[in-house]
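Before we start, here is the structure in question, set down as structure tokens.
As written, the chains take the letters A, B, C and D, and residue 1 is the first residue of each chain.
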Amino acid sequence: MESAILLISCPDRKGIVKEIASFIADNGGNILHFDQHIDYQREIFFARVEWDIKDFRIPRDLIEEAFKPIAEKFHMDFSLHFGDYLQKVAIFVSKQDHCFYDLMQRFKSGELRGQVKLVISNHPDLKPIADFFGVPYYHIPKSKENKKEAEAKELSLLKEHHIDLIILARYMQILSKSFVDKFRNRIINIHHSFLPAFPGAKPYHRAYHRGVKIIGATSHYVTEILDEGPIIEQDIIRVSHRDSLEDFIRKGKDIERIVLARAVKWHLEHKVLVYDNKTVVFD
Amino acid sequence: MESAILLISCPDRKGIVKEIASFIADNGGNILHFDQHIDYQREIFFARVEWDIKDFRIPRDLIEEAFKPIAEKFHMDFSLHFGDYLQKVAIFVSKQDHCFYDLMQRFKSGELRGQVKLVISNHPDLKPIADFFGVPYYHIPKSKENKKEAEAKELSLLKEHHIDLIILARYMQILSKSFVDKFRNRIINIHHSFLPAFPGAKPYHRAYHRGVKIIGATSHYVTEILDEGPIIEQDIIRVSHRDSLEDFIRKGKDIERIVLARAVKWHLEHKVLVYDNKTVVFD
Amino acid sequence: MESAILLISCPDRKGIVKEIASFIADNGGNILHFDQHIDYQREIFFARVEWDIKDFRIPRDLIEEAFKPIAEKFHMDFSLHFGDYLQKVAIFVSKQDHCFYDLMQRFKSGELRGQVKLVISNHPDLKPIADFFGVPYYHIPKSKENKKEAEAKELSLLKEHHIDLIILARYMQILSKSFVDKFRNRIINIHHSFLPAFPGAKPYHRAYHRGVKIIGATSHYVTEILDEGPIIEQDIIRVSHRDSLEDFIRKGKDIERIVLARAVKWHLEHKVLVYDNKTVVFD
Amino acid sequence: MESAILLISCPDRKGIVKEIASFIADNGGNILHFDQHIDYQREIFFARVEWDIKDFRIPRDLIEEAFKPIAEKFHMDFSLHFGDYLQKVAIFVSKQDHCFYDLMQRFKSGELRGQVKLVISNHPDLKPIADFFGVPYYHIPKSKENKKEAEAKELSLLKEHHIDLIILARYMQILSKSFVDKFRNRIINIHHSFLPAFPGAKPYHRAYHRGVKIIGATSHYVTEILDEGPIIEQDIIRVSHRDSLEDFIRKGKDIERIVLARAVKWHLEHKVLVYDNKTVVFD
């Protein structure tokens, strides 16, 4: 679908919707989705507007410029996207394959719209899966000693492939602050607990030890503070005393897959706005 | 909150959002919520717009008239509501008290905004609860023979109290078509199954007999066809072979309460639009 | 139903089920439920056995004594209960009424089997509800200064009424260690978060601030460490950016009610075994 | 784990548990799981007993014979299984790949314990996936005309490979009664609706048209009546007016995968007992 998408946030005041809608209507666009949200505590206006640009009188490459006066008038932060652009994606994995398989199948079937350009791993194990799906696999081992060089190599690959989005599909390495800064709100991680419960290592072990009756998974944007980034999606599954630690891990995988896939889908469709370490998800 | 709410549906075409937003902004209103939805199969535009009318330059009683030219231009069906108006509610009950209690407590606590003006029942049993909450209770027995007279009495009470919304809180009588017609999309029923599974009588018995692993409840607007009206909300709860029929019934009650309360809340906040026997719920 | 219930835990070894089943069968009992669980990590055997004692050849008051040799042989911890005994319950409340209403209605309808003998509160507000349900209401104000005396008064009331179970239905006071010790695994609290996330004060505020996508509630036995006791039940509900803090609180109430009611029901039916700060729930 | 599993059903009466437990204990076995259930309406006793046979004094191939006197005494239906036997599985697919991928990955990872011996399809499309996982793929086209021959070919393959369990992973063909009879309670299907709602063709289309707020999936044993077999597992996912028919289908896939995988897992672990067109699932 030939569409343009505006993601907007700004201080709330009168007339914002009118100006955005007029910009689109007066130039011949037809609004497909208009999602708006106001945070009344902070008096911030958020919107996601998608419109048909088939007959839009402003050419694609001039829309951003044309919208700027409105953005300035209302002190907007905004970003412009196009519905038919296929984002370039890198997937980082370690040894666990369940999220990786799942994502690849969803990309292949078209459920997730994007191009997986490369897979990066600190282990060689999952190469056969990447091969099966026809995606290049880069094995970049990581240790305390070589972390800097390894990240430099990774960054160079990401740059070379013009990567828009990084997915950490159970990637068991912590990225440095300088790495994260280069992909602010463009790295999605899946954490295998219901955050803020059990951040960090071995959440299933700790959940089992605590005797919880429900376990969960959380997808979030990566920030420099571990497992503290803006949450995009969470889901849960029931456990009982009958479930061993192995059952926790097995059941959790089903939730990890789904929660990660949902977050990636929303991100690729430009439905996620980040502010104040929280997300607005126009699902 | 002094606000006005427009519920709108019309054929989709360019410029609708602009005109609505301009109507509000040009008269000094500030949009609080703008929810929009397009059914692409049928090319219908739906919207719920709520705006602050504290400084609105059109007085309340003239807003409807002032909006009409826009409505006509776009062939809109629309209704106008005010956020500070407390709707007048009648609750119909039979012998089961769980939904009735629950609703009364939610109205009393202010979670549900409305005035329960009267309770009508074909049985005397629940009068003490109505008394406790200080609401008049009318016992109107019903049989095949007296149904017409009973409904006439009910309608006269509803008229006298200017009732806006009728809630059937496990009311075990079927209302006639002529009754329903007078309150089109203003009678909410709770059915104790996951519709369209198990419509009609004894759904828990049938669910138990069928060996389902999940049971549910459905709140819907009442139409002349039993359990076929537009669905507002549904929810479910797991059951297993360990659950007897009595357990099905008991577990189901928790879902009935919640599903009915959600539907009533959305209706009272003018968040539900009906079309084509379905609902758009701007939750 | 005239039944006896044994709750058993002991080191796992061969022959336990045989001995228990033989004890029952050889004395003319018919097993109604036999639930067993083994924690393989710790090699502990757990069981809940319920049998019909209508034709049981050992009289009620001698069963415990008669079972002791088996218990000793296997080094069992065990407790014996009777299905037709109505436990005596005290409910502690503060100002919030939703869980209190809900529990009272469930006790009244027979869904929860027990006798609510008294309500204790540090505020006078909820007395009308207790009056409506015909249960004595004791207003015992609490402050830092009088905590000791207040608890002494409470304990004396609990003793006088032979209370078996205390339910903290959103009671906003922390009980002292010495109080808790007197009702070990017999005080059930509802905490309005998904523990171990957000223990302590204002969990909804913190959940809102963190931007979680799911909120929850947890019922647990009270121990001397705040919100760290054995978890009996948890459940959750989805939230989104559209939900204000008030919506979090409102939605949470529905979960609090249900999670507390489930825990109380299981406890009253002797389905909960505590060990190692966790629970086995034979639901 | 070297274990034996007994699945038992019989009329309820005194002493059953004792005799089963004695049979195991007296021959040196250690009970690992003892799950029992009584249907009080029908007075039927069900049990699943699993015990360690490492030191069991009756050799494997004589256990069934040794247990027969007890079975006869109590008029038991029973079946004996061994925990270390890997069942032989055939997967039937058509064109949709999501359940197939998912199952293959779960078998490969060991989450599902069994040997996938062959894949049968009425289309050639999914052969590459079978190849990737190293499983033979038989393309057996089906039409009204050749159905009998096609089924004969299928049955011959199933016999040749000693298939224990058939999984219909979105296989879009109806099996004949005579085929089903040969694999009574050994064919698991996934139906993409919350049965008994929307049996038969195009359930998502009908759910979309009806305006439901929740969709589901159902795994069940196949019987000669379409979508009427004993339900093993069901689960659901929320939908709203924002979801198109395509969204229903996409969201449904996640539930189909999980619901089918759970049913297969329970079946492979001998946790499912069928009676009266319902299942007892000792999960």
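Basically, contacts are C-beta pairs under 8 Å (C-beta built on N, C-alpha and C of every residue); 3 or more make two chains touch, one makes a residue touch a chain.
Only a predicted model underlies this, so the values are computations on that prediction, with no experimental measurement involved.
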item	value
Common touching chains of chain D and chain A	B, C
Self-contact between copies chain A and chain C, residue sets same or different by half	same
Higher-contact pair (C-beta pairs counted), B-D versus C-D	B-D
Distance between chain centroids, defined by C-alpha means - chain C, chain D (Å)	37
Averaged-CA centre spacing for the pair chain D and chain B, given as whole angstrom	42
Multi-partner residues of chain A (at least 2 other chains)	242, 283
Chain B partner contacts - residues on chain A that touch it in the complex	12-18, 21-22, 24-26, 28-36, 38
Interface residues, chain C side, partner chain B - complex	97-98, 101, 105, 109, 111, 132, 242, 250, 253-254, 258, 261, 283
Contacting residues of chain D [partner chain B, same complex]	37, 39-41, 194-198, 210-214, 216, 230-236, 240-242, 244-245, 276-281, 283
